[in-house]
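Inspection log for the structure reproduced underneath, given as C-alpha cells.
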C-alpha cells in the first residue's frame, strides 16, 4: 500500500517527522513495508521558497506554502502536523474533514473543548490518528511497562514523575508569543507536562484525582522591540499531588525554568516488592531494585537497552550502542503505519491523548482554584 | 569547664551520641576543649546489667537503669535523650526542671502540645537545648547553604525535597509499636520527614503554607504472636505542595516504604541563575549548575567535600576521603558545646525544632482534611 | 552533483550505512545537498532474493548478489564496504581500481601489508576514502578535541583509554570463524581496539612507542556441530603501556569478554590544569574538571551535548535530547560527502586509518614478543 | 587486658590512629573489650608544648617530645607510628627491640632492605605488627572479597586497578622534601600505590610478574625560598602491566597529579561469569554484574553497604547511612587488638606488607629498566 504523506512544518518536530517518514521502513523492516509504503509527496512551509528548499532537503516530491492545499490534495493519505500549538486544531479538523489520517504533535489544542472536538471528528470520520508522545516509544519505557505489569516490583504504591527543562530559565530571554495564553495556551504544562502525563498514565493507569499549584517564575520579560516588558501569562512550573485509580498516590513536578535540565523527563514507581526508575536524560537506561535474594546483594540495577528490548534491535544488533531522540519518532511512525494498515491500534490516538489534555487542564484548574481537589 | 554528661539510651542514636561525646574534643580541637570538657559520667539503660555493660563499652563512669536518677544527679550538667519518641517529653521536662542542658533526638514529642511545652520550659529555665537534626551538620549541606545565601544560584524559585527509606517496605514485616499513634505518634513524618523539614527550612527559610496527602501503604501487619493482623495507624508516605515565605514553591515526598532507598534524603533548589542538588546517600557530594560561561561548557558540577568545606578538615586533611554518618553527630555535639560555653547559639534548639514539628503536624492535618491548605 | 551509491552488506554496519546514505542530506542540510546528492543505486547481498528484499527495505534502486558487478557498475561513484573483515581488502582494491570512492568499515584488512596496499592504491588512483571510525564523529568527542587543543586542561600528561564489550564473555558461546586468525585476523584488537586507537590518536596525537600484553581468556569453545571444542586463535583482551610523541604516557585496556560492558569505549586525559573524561556508553555526556576558581567550588562538570556542540543541532535544536549510534554514521557520511565534493578532507581516509592498523599490529607484536617495547 | 598505647605523630594519620584507639571498644563492643582495653598512655610530638596540647586534645595521659622515651616506656605495650616515611624504620626497629607490638603506617620504609629488616626483627621478637592499609577494612571491600572468592563472578580473568589523587597536580606547588628520593623514597608509588597493591593482592592473590612505566610529570618545582627551582626526584605517575599467579592479567594506573581525583582508589575485576567494581570515592558502594537471568533484566547492580556487610552494623544499624574514612581505621584497630589478644591474626602484618613493598619496588625497577618484565 502506497501512502501519500503530507507534512506541515519543518522546525524541530517537522524535521523529526520527516526523518521518521524517511526511515520507518528502512529500519523496521520489510514486513511493515509490505503493507504500507510511505510516499513523501508534499511539504508545506512558508514562505514558498523555503518550502521548496526544505522539500528538496527532506526528499518530498512537491512543496507548497498553503496548508489547505496540502490537506485537500487527493494524493495525500496522511497529514503530519508539526506547527505551533494554536494551529493544530484548524489543521487537524480540516484534514479529518478531508478524510485524511492525522499524525499531530502535542498538545492537541489550546483548549480542552478544541481537543474534544478533534477527537469526536476523528471518531466520526473513522480516520486513524496519532499524537506525538514519542517518549512512549522508548524501548526502555516499554520495557518498564512490561516489568511493572508483570509484577516485577509488586503492587505500585507511589509514583513520582518529573519533567524539567531550562528553555525558559533565563530571566533575560525576550518575551515571545509563547507567553500568551491565547496563542500558546498553557505554558510548561502544555509543552512538556503533557509528555509526563503520557508516561504517567501509560504505566500507572488513570489518575483519579489531583490537587495542584502553579507558578509563573518570570512574570514579565523584555519586549523584543525594546519598548518595555511584556507579561508572561502562562505558567513556568507546576506541582501536583496525585491519586490513581489503582489506589497509589504520587506527585508530579513540571518546570520549563529548571537550570541545567535539558530533557529531564522521568519517574520512579515504588511497588511493594521493588522500585523502578527511568529518566529520559539517560534514555537508554532503566533502574530497578527488587527485594529478592540475600539483603547483602540487593541494590539498584542499571539495565542498558539492547536487542532484548524491542524494537531496539531493528536499529542496531549490539546492546548499549544507544538510540537517540529521533529514533523514538521512527518507532512512533511504525505504530502509526500499523494502525493505518489495520495490524494494530495506533496509540495514543486522539481519544487517548484527550485524557492527557484533561489532566493538564485539571492541573491548571486546580491551581487557579487555590489547590482544590479535582476528580478526573 | 568540665561538663558532666548523662546519656539515656544505647540503641542506634544512643551509640551515636556516645561516640560524639567521646570524640568531640579529640576531633574539633583544643580551642573548644579549653572551654568545655565532656566528662562521661552516667549511662542509663535497662535492665541494670545491660546498663553496666554498655557503660563499660562506651566509657561512662557509672550506670543506672533509672532515668530519673540520672536526671536528678547533681554531677550531670547535660542530658542526652535517645529513647523512643514517646519518652522524649517526660525526660526532657524532668531534665529541664532539674536545670540540665538537653540534647534530644527528634521528633521532640508525640504531639505538638508536648513539644510546645518543652520549648516553653527550656526558655523559662534558661537551659541550652539541641535537637538531633544531624544532617544539618553535614559540611556538604552547610556549603550548600553558603552557596544559596551567597547568590550562587540566584533567587530560589522552586524546591523539591525527598526523604525515602525502606525500613517499612516489606509487607511481611511484623506489627510493632511503631504502628500505633499513641506510642509512635506520626509514622514516616516523625521518623524521617522531620529531617527533611530541617534541611528544607534550613536552606529555604520558613514555609508559608502547604497542602498534603498521606498514605498508609501497608494497612495491616502480622501480629508477632501469630494471632492475626494488627492495624497500622500511622502513615507510610506523605506528599506535600509547598509555598515558602520567600515566594518560592515546591514539593516534599516522604516514604518509609520505598524499596531500595536506604538513606535518601535530599533536595534540589532551582534558582533563576542555577540549580543545586544534594543527597545524603552520597553525603560527601554536592551538585551545582550555574548559568555562567559559554553554553557549550555548562553542566552540573559534582563537588566532593574536603578541607575547603569546614569542619571537614578537622576529621581529615585530605579531600574526598569521606565523612560518615557518625561524624555528623560529632559536629552537632560541637555546636551544642559552643552553645553551652556561650560561644555561639546551639541550633536547632527547642524553639527552632518546634517549627519543624509544626510543619509535620500541619502536613498530617492537611492530609486528614482531604488536602486543605494550611498556613504556617 | 548526483552520486551513485553502491552498498555491499546489509548486516549491523550495512544497515547503518544505508540509513546514513538515506539521511545525510535530510539532516545536514541544503548546502551539502547542493554539492552532493546521494543516489541509492545498487545493493549487494547474498543470496539474490535477500539482496532484492533488502534493496526494497533500504530504498536502493537495484540489487545484486555479485559484488564485482557492483564495483564495475559505471553508475556507481562510491562503494560502501560493510562485509566481514577478510573481504575488505579485495573489495576495496577492486573498487579503487575501478576509480570508485570507498567508504570501508574497520579494520581495513586482516594484515598490515594488505592495509598498506589499499592505502597506496587509493593514493595512486586519487579516489576519496573513508574508514568507518564512527565514534570520531560524536559531537561530544569533537568537543573534547576542541577543549584539549584549546588548552582547557593544560598540557596533556597522562592518557587512559578503554574499550570493553561482552560479546565474547560467555564461556559457552560456540566457536565461530571469528576465532580464526586466517579469517578474522586479530580478535578484540581488530574489532574494537581499532576504535579506541582512533579516539586515542585523534585527541592525543601519535603514539611514539608501546609495550603490550595479550590474553585469550576462553582458549577453546564448543564446536557448533557438537564434535568437540575448537581452538580460539586470537585474543580476547589486551593491555598496553603507551608513550606519546608529545611526552605523555598512558595505558589502553581492551576486552571483548568484559561482562556487563556493552559499548564502553572511552578515555580520561589528565592535563596539568584539569582532566577530561568521555565514555561512549553515555555518549551524549562529557566530563571536565578544571583547576579554576575557589577550591571549595571545584568539581567534575557533566556537560550534556546540545546545539552548542555541532552538528548536534542538525539533528535536534533542543539540548540533551540525545543522539544515537546511527546518528554518528550520518555525520561520518557527511564528512565523506564533503571530501568527495572537495570542500574538506574526508578523515580518517586510508592513510590515516593505516596508522591505526599499525598500532594494533604493534600491540600484537609486542605481546607475542613477551612485552617488548615497539617504536611506531 | 589493659594495653598501654603510645602514639608517635599527630598529623593526618596520627589523628586517625588517636580516634581509632579512642573508639575501637566503644564501637566494636564488649567482647573485644573483655580481652583488650586500650589505655591511651603516651603521645609523642615535637615540640614538647605541642605534644602536651595534643595529648590533652586526644585524651592521652602523658606527652613527650622524645620518641625513644616512648618506645622505652615499660607502660607502653603497643606503639603507633604515624611519622614521615623515613622514620618508620628506626622507630619500628626500636619498638620491636623493646618488645612492643607495632602499628605502623605505610609504606613500611624507604627501601626494601629496611622493610625486610623490620619484618625479620618482628618475626624474631614475636611481637604483633600491623601496617596501616586501612582500605582493606572497608566493609564494601571485604564484601567484594567474599563475592569473588565465593564465585559470584566466576573465574577472575582481568583486573584493572587505579589510584589517583591530585595533591601534586598543581605545577606551581613549591618543592618539598617529598620530592627527594633520600627522604621520601618513592613518590606516588609509596604514598598511594601501596594502597592499591594492598587491595589488588588482597582480592586477586599474588602478582606473578609485571612490566611498568613511570613518569615525573613536574620535573622541577619552585623552591620555597624563592631561590630558583628544585628537582623532583621521584615519580608522579606509574602504569603497570600485570600477570597474576592465578592466570589473570591486568593493569595498574597510579598518579598523584590527577586533577579532580581526591581519593580515587579502586578496581574492576572481570570474571567469566560477571564483573565487580569498587571505588573508594564512593566507599559505601559496590557494583556487580552477573550473567544470570534473562538478558533483558541484566545490568550492573549498585549495592549500598549496611548491617549485612559486617562490621558496618557496629557503627550504625541502618543501611546506607555511610561510614567515613576514620571508621576504617577503627576496624583496622580492632583487627590489631584481636591479633594482640590472640583471637585472630592481625593482617596485614609486616610479613604481608613486605609483599606490597616488593611490588612497588619491582614497579620502579621495571620502569627504570625501560619496561623489563620482573618476576615476583
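When the chains are written out, they are named A, B, C and D in that same order, and each has its own residue count from 1.
We take it that a residue touches a chain if its C-beta (ideal position, glycine included) is under 8 Å from a C-beta of that chain, and two chains touch if they have at least 3 such contacts.
Computed from a predicted model, the values in this text were never measured in an experiment.
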{"item": "Pair sharing more residue contacts (C-beta pairs) when A-C is set against A-D", "value": "A-C"}
{"item": "Label of the chain whose CA centroid is most distant from the centroid of chain D", "value": "A"}
{"item": "Whole-Å gap separating chain A and chain D, where each centre is the average of the chain's CA atoms", "value": "54"}
{"item": "Whole-Å separation of chain centres (CA-atom averages), chain C against chain D", "value": "42"}
{"item": "Chain A and chain C: spacing of chain centres that average the CA atoms, whole Å", "value": "34"}
{"item": "For chain C, residues that touch 2 or more chains besides their own", "value": "261, 298-300, 304, 306"}
{"item": "Residues on chain D engaged by chain C in the complex (per definition of touch)", "value": "153, 157-158, 160, 169-171, 211-213, 215, 217-218, 237, 239-241, 243, 249-251, 253, 255, 257-261, 270-275, 289-291, 298-300, 370-371, 373"}
{"item": "Complex contacts: residues of chain D adjacent to chain A", "value": "143, 286, 288, 294-304, 306, 308-309"}
{"item": "Residues on chain A engaged by chain C in the complex (per definition of touch)", "value": "11-12, 15-16, 18-19, 22-23, 25-27, 29-30, 33, 53-54, 56-59, 165, 167, 261-264, 280-283, 304, 306, 315-327"}
